[in-house]
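Both complexes below contain chain A, partnered by chain B and then by chain C.
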Partner chain A sequence: MELKAVGTAGTLESSDVMITLEPTTSGGIVFDSFESSVINQYGRQIKAEVLASLERLGVKNAKVIVNDHGALDCTIKARVECAFYRGCQCDMDGKFDWGGVIR
Partner chain B sequence: MKNAVGREIPEEALAVKLTNGRQYEPYQGKGYRDGKYIKKAGPTTKVYQKPIESKILPSIRDAVIACGLKDGMTVSFHHHFRDGDYIVNMVMKEIVDLGIKDITIAASSLGSAHDPIAEYIEQGIVTGIQTSGIRGKMGDVVSHGKLKTPAILRSHGGRVRAVEEGDVHIDVAFIGAPTSDEYGNARALGGKGDCGVLSYAVVDSEYADKVVVITDTLVPYPNFPPSIHGVNVDYVVKVDEIGNPKKIASAAARMTQNPRDLMMAENVAKIMAATPWFKDGFSFQTGAGGPSLAVNRFLEPLMVERGIKMSWGIGGITGPICELQRKGLVGKIIDVQDFDVAAIEDIRTNPNHYEMTASEYANPANKGAFVNKLDFVVLAALEVDIDFNVNVITGSDGVLRGAPGGHPDTAEGAKCCVIVTPLTRGRMATICEHVVTVTTPGDCVDVVVTDYGTAVNPNRKDIIEALDAAGIKHVPIKELQEKAYSMVGRPDDLQWKDKVVAILEARDGTILDVVREIKPYEI
Partner chain C sequence: MSIPRPKPEKFRLRRTMMFMNAQKPGLIKDAYIYGADSIMLDLEDAVAENQKDSARFSLYHALKTIDYGDTEVIVRINGLDTPHWKEDIRVCVAGGCDGIRIAKTESAKDVQIVDEAVTEAEKEFGVEVGRTLLMAALESPKGVLNAYEICKASPRLFGVALSGGDYRKCMQVKVIPGGIEMLFARGLMLNAARAAGIQCFDTVFTNINDDEGFRAEVKQNVEMGFDGKSLVNPRQINIVHEMLAPTQKEIAEAEKIVRAYRENADKGVGVFTIEGGKMIDIAFVPGAERVIRLAKASGIYEGDL
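Let's look at the complex of A and B:
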């Protein structure tokens, strides 16, 4: 499973986060833009959550855009996972790895 | 030096010079200055022995010149027009256009209507701000260290004390008034844009060297009974509009339909009813926030059930308390500010709805303000910490965006101070370990009601006993904080630079806390 195209998930609503993943071939994980309404108190934790989710999903290289409006950790995980699968452009036929890479 | 709420007050703040030479002290605890004496500072005022027919000048510019306003002076304003105010920007533009600089603005409060002042701060023309509220662009530039001297933030009662004691001397007061006669007798009713009362401006009219009344509605002499007395007024200026009437008062403070807010409000009413002060003749104030305002609605059935009435209600007045009075459940309404059209309409027609001055409302240094006789106050908060300290001034990013207002005054005065706030707002934990800035000290806060439970200040054994007797559940505040952090995560500490950008005065004029310049967050 790998990123083939730009994958986006989430909204700009309060308590949500919009995650955009763009495939790259090298350079590791790069944050193209990182915005959050709670950046001063939770920026570090949001970044850690995004990186941990990407690692679980096996993403080594990508450009990442985070636009957060106070999402909780569970929402951040869900949006990263969803953006990833959308970017993979493959029909999973419902066979997602619940409880595995999807937390 | 650490003060009584555990905040480190730096030398830089303690060394800030007050006009009367009074030396700042760190906050010492509730009631510290009780029984001490102050010498009131009098203004230097001009003698008008020879009769003149009128004090009207053709423009604000003429008034600025006539008052002899010059570099380094302090000008004052009131905030009864709230977000609809035109006066501050109109006057400041004339002052700046005349090339006058190094100006301190000492307003009862400032808001987002005053964004243009931010530019004067950046240009170094406005070098001092003393206010209750600071928001919008002004809050932003001050938080970024652009103001030459630290802003001084005071409660409404604390401001009256500071002016009377001479901590700040007002050279020229500019008082916007819905109506005035040619001698400066000014009222808050009967004009194009009414604000109901002029309570906050009274101390300015009595303690400023020069007083200018600015109105858009001239009425025949004598405009009686006045809120601002012509005997204290030097000049009167008529302008086209003093403010936007639609923004001076919102159409109606909307009663919240949010079930979370309603549940908290109902719990507040039940807690009040379980205390010994909920008896015939009790007194009450609520804030204008959603859940606080909704408490009015839940008090009614409890009062009817017990067959008791409220003897008086004070504060920022809104429709719901007037409504309660019309039902015969409130004796008198004593009004320091009107938040909606319903309250303004009510003071126009209701003989039991009275105007009071900000000093009568909340001044800690007079001989007993209304807040000292208050049984209950219900207030909101941005944050409350495990020591019951409240923050209503700095946001979660450390930027100034609020106002202590009457919060610290009513909290210290009232027998039972209840804070009502949701446990979390989005990802922000409202109940936290340490508030960003202390604006009301924890020794004045008695009960905290959230959607996840209620906590009582352990100092208030009497309230704990009363709630236990009534079977009302409460938990240690630490439990609420832990619950909040378990939901949203533990917040990182904000990053600050060294520079002190604002001083939070306790109402008695000691220093409760300081706000420092924020450091931009780097990911």
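Let's look at the complex of A and C:
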């Protein structure tokens, strides 16, 4: 499974985070923009959570945009995964790897 | 670090079942604090067609991460006439929810199709087969007419619920104070549920500013014999719990019946009278025990039964 197009998930509501992934061919994972209402308290932790999810999903290169409004870790994971599969243009009702790369 | 949930109990107390949009992190993260007996995380009508995927990811991680404590966690899946329900079932089982609410149930076959898909998912994800409970929502005249066969369709099925919005639309009626437009559906469904030995839940009351109307409907629900009600707003929870709570007089009488029954049963006596001259036999006992259970759940029982 590979990013083919820009994938976005999440909203700008409180407790949510909007994640955008854009495919690139080299340069690793680059945070193009990183905004958070709790950046001073949790900025590093949010970044680490995003990177860990991307690693599980096997994403080596991508431009990442994060716009956070105080999302919990479980929401960050959910939005990164959803953005990734949308960017892969896979069937939204296909069989997903629950408990495998999605965990 | 996932939260292990105990095996769901088929016939637990379900006075209040509150709907929550599974797609909204702000809602599901502290859904348990409101004190509903069950929450119903919704993948169906509350989630827009182009967010069905997103809601599943959000649901999966919520189920795995958030400690819902004693609150039962049910998920409402999309209807069998959509392309979404199969994957909905996989994520529900993989995430370990307590039960699945089947939308738009019209026949026993619908329940059996879901039952089979759940069994398949339980095997796939290493979940004990039979762990995941089911409930069926009746939303059409056909579903209501087939209530009895639906109620008997699966050993996983703990109850049926009426979904008033769609049912009223099909019947070409609007919400009438007093509920005459729903009388047949409520009555038939209750009768079918009791005949099959499962629980029965009334539909939502959507005008959240009409407290008086809500209380009147809950009162009628209690009088008709419903086990509980689906809710759309946390404000409604305490009203239902309060109205379902037995009175001190009812509790006292239930205690007398249970105690007297136990004493007399030991002596081999089946029919007896309690203080005040009321004649009691075994038929009164389950009702009395139910009153004690409700009193305990309502936090107003101080006895030792």
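Convention: the second predicted complex is superposed on the first by the 101 of 103 C-alpha atoms of A that agree within 3 Å, B and C clash if a C-alpha of one lies under 4 Å from a C-alpha of the other, contacts with A are read in each partner's own complex, and residues count from 1 in each chain.
The rule we apply is simple: a residue touches a chain if its C-beta (ideal position, glycine included) is under 8 Å from a C-beta of that chain, and two chains touch if they have at least 3 such contacts.
Worth saying up front: this structure is predicted, and the values here are computed from it rather than measured.
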Q. After the match on chain A, would you call chain B and chain C a fit or a clash?
A. fit
Q.
Just to be sure I read the superposition right, which of the two partners does A:Phe34 touch: chain B = first, chain C = second, or both, or neither?
A. first
(Q) With both complexes superposed on chain A, which partner does A:Ala5 reach: first (chain B), second (chain C), both or neither? (A) neither
Q) First (chain B), second (chain C), both or neither: which does A:Ser14 touch? A) both
Q.
Going by the contact rule set out at the top, does A:Asp93 touch chain B (first), chain C (second), both, or neither?
A. second
(Q) Looking at A:Gly43 after the superposition, I want to know if it touches chain B, chain C, both of them or none. Which is it: first, second, both, neither? (A) first
Q: With the two complexes superposed on chain A, say which partner A:Asp73 touches: chain B (first), chain C (second), both, or neither.
A: both
Q) If you stack the two complexes on chain A, which partner ends up touching A:Ile102: first (chain B), second (chain C), both, or neither? A) second
(Q) Counting residues of chain A touched by each partner, does chain B or chain C come out ahead? (A) C
Q) Looking at the superposed set of three chains, what is the minimum CA distance between chain B and chain C in Å? A) 6
Q: For chain A, give the residues common to its interface with chain B and its interface with chain C.
A: 14-15, 71-73
Q. So in the complex, which bits of chain A are touching chain B?
A. 14-15, 31, 34, 37-45, 47, 69-73
Q.
Going by the contact rule set out above, which residues of chain C touch chain A in the complex?
A. 24-26, 29, 52-54, 56-58, 60-62, 64-66, 83-84, 86-87, 90-91, 94-95, 125
Q: Please give the residue numbers of chain B that touch chain A in the complex, ascending.
A: 396-398, 426-428, 487-489, 491-492, 494-495, 518, 521, 523
Q: Quick one: which bits of chain A touch chain C in the complex? Just the residue numbers, please.
A: 9-10, 13-16, 71-75, 77-79, 81-82, 85-86, 92-96, 98-99, 102-103
